[in-house]
Amino acid sequence: MSILKDSALRQSVLDFRSARDWEQFHTLRTLSTALAVEAAELAEITQWTPDADLAKRSVEARGKIEEEVADLCILLTYLVHDLAINVDDVVRRKLEANGAKYPVDRFKGSFRKYNE
Amino acid sequence: MSILKDSALRQSVLDFRSARDWEQFHTLRTLSTALAVEAAELAEITQWTPDADLAKRSVEARGKIEEEVADLCILLTYLVHDLAINVDDVVRRKLEANGAKYPVDRFKGSFRKYNE
Amino acid sequence: MSILKDSALRQSVLDFRSARDWEQFHTLRTLSTALAVEAAELAEITQWTPDADLAKRSVEARGKIEEEVADLCILLTYLVHDLAINVDDVVRRKLEANGAKYPVDRFKGSFRKYNE
Amino acid sequence: MSILKDSALRQSVLDFRSARDWEQFHTLRTLSTALAVEAAELAEITQWTPDADLAKRSVEARGKIEEEVADLCILLTYLVHDLAINVDDVVRRKLEANGAKYPVDRFKGSFRKYNE
């Protein structure tokens, strides 16, 4: 039911916020916008990188990538906590829906899905 | 080390992709861009909602919110798998860094952080 | 046919790029991603701002807002130039389509459009 | 001082909004978020496209690209109107700042800028 496997760590993330009384600033809107901002910062890392240099870029920007991933996970932890979303449940449902939408026999190795 | 608590579910997410030979389409760039697109779709849900209507909006758009959260978690699962990022580790480090940056005594209930 | 009214200025924007041989880095993908990154930076300005403080925020962040708007206009200038898009034409068509979709008598002052 | 060259068209964009009494829904926050959402939709068009297929993709997705560009220009028209931003002025200033930051002799053909 959580983004973070270690439930003690998950609690630390929630405690960080409550120690600062910051729940008052967190709503579906502010958390969603913050997620969009952090995801854009992650996309910024490769925005000018040609395909051929992506592997090298992943290595040299490792620290920055890890920070953005951490920010996304922290924000998601707050969002699913506040809305009482069971992450495993919603992922399970989405995976089933995607399985029906993209059957293996028609979409194996196919780029079509992506470009329609 | 994972976004999803249930390691069998995490494996299902990875199996979904390998059954379709879709690893070839996943790079730091495509996954980052996809995360930015999904996060923007989440932000879209409240883009015209005034503060006073956010609680109501969370309820009426529940299904859509859950789908976007699922998409974000699935994409993050691929990203941290492919880059061998230990989510718990990077979150722990980020939390420590944030703790130093925003000490409780100076930032308790304070909006300043957010607006400078 | 342009984002910028002053055609000499529009030419300066294009000259800035060609003087540095940067056309080679500009594709539909890199320019689109850059637009998404800059727009997210604009959204970041108000991400934690409650509705009641938006007017004040517009004033105190004026310089930052102007920079982001400039970045968006510069990127759009490159994009429409490279794809030979006639901005006035596409806006005219979109306005007509929106007029049909949101007739005045049904959507006057209505928030419905935004929340369905 | 405008995104759109044709001042009659610019007026039509503003009239579209006032005919529907929609100014009340437009703030720095809602317009910024809408810009981020539309820019993400533009980025979505090439999110799975390899570099080698970008030219083909530009052609086949022409209609969609034009719609997103139109949406961005319409939103920018509202934003610069509401904040009384002189687009040509802010672009001119930004271009000067960028010129100082990226002198031609050091950045000609250089990818460095993009990856530091």
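All chains are identified by letter, namely A, B, C and D, in their written order; residue positions are counted from 1 within each chain.
Keep this in mind: a residue touches a chain if its C-beta (ideal position, glycine included) is under 8 Å from a C-beta of that chain, and two chains touch if they have at least 3 such contacts.
Computed from a predicted structure; not experimentally measured.
**Q** Does A-C or A-B have the larger number of C-beta pairs in contact?
**A** Contact tally favours A-B.
**Q** Any idea if chain C and chain D meet via the same residues, over half in common, or different ones?
**A** The interface of chain C with chain D is built from mostly shared positions.
**Q** Starting from the mean Cα coordinates of chain A and chain D, work out the distance between those two points in Å.
**A** Their C-alpha centroids are separated by 26 Å.
**Q** Please work out the Cα centroid separation of chain A and chain B, and write it as a whole number of Å.
**A** Chain centroid spacing, chain A to chain B, equals 2 Å.
**Q** Distance from the CA centroid of chain A to that of chain C, rounded to the nearest Å?
**A** Each chain reduced to its C-alpha mean, chain A and chain C end up 26 Å apart.
**Q** Specify, in ascending order, the residues of chain C that touch 2 or more different other chains.
**A** Within chain C, residues 25, 33, 36, 39-40, 43, 47-49, 51, 57, 111, 114 contact more than one other chain.
**Q** Give the list of chain D residues in touch with chain B in this complex.
**A** Residue list for chain D touching chain B: 25, 30, 33-34, 36-37, 39-41, 43-44, 47-48.
**Q** Going by the contact rule set out above, which residues of chain A touch chain D in the complex?
**A** Where chain A meets chain D, its residues are 33, 36, 40, 43, 47-51, 57, 60, 111, 114-115.
**Q** Along chain C, where are the residues that touch chain D in the complex?
**A** Listed in rising order, the residues are 1-6, 9, 12-13, 16, 19-22, 24-25, 27-29, 32-33, 35-36, 38-40, 42-43, 45-46, 49, 51, 54, 57-58, 62, 65-67, 69-74, 76, 79-80, 83, 85, 87-88, 90-95, 98-99, 102, 104, 107-111, 114.
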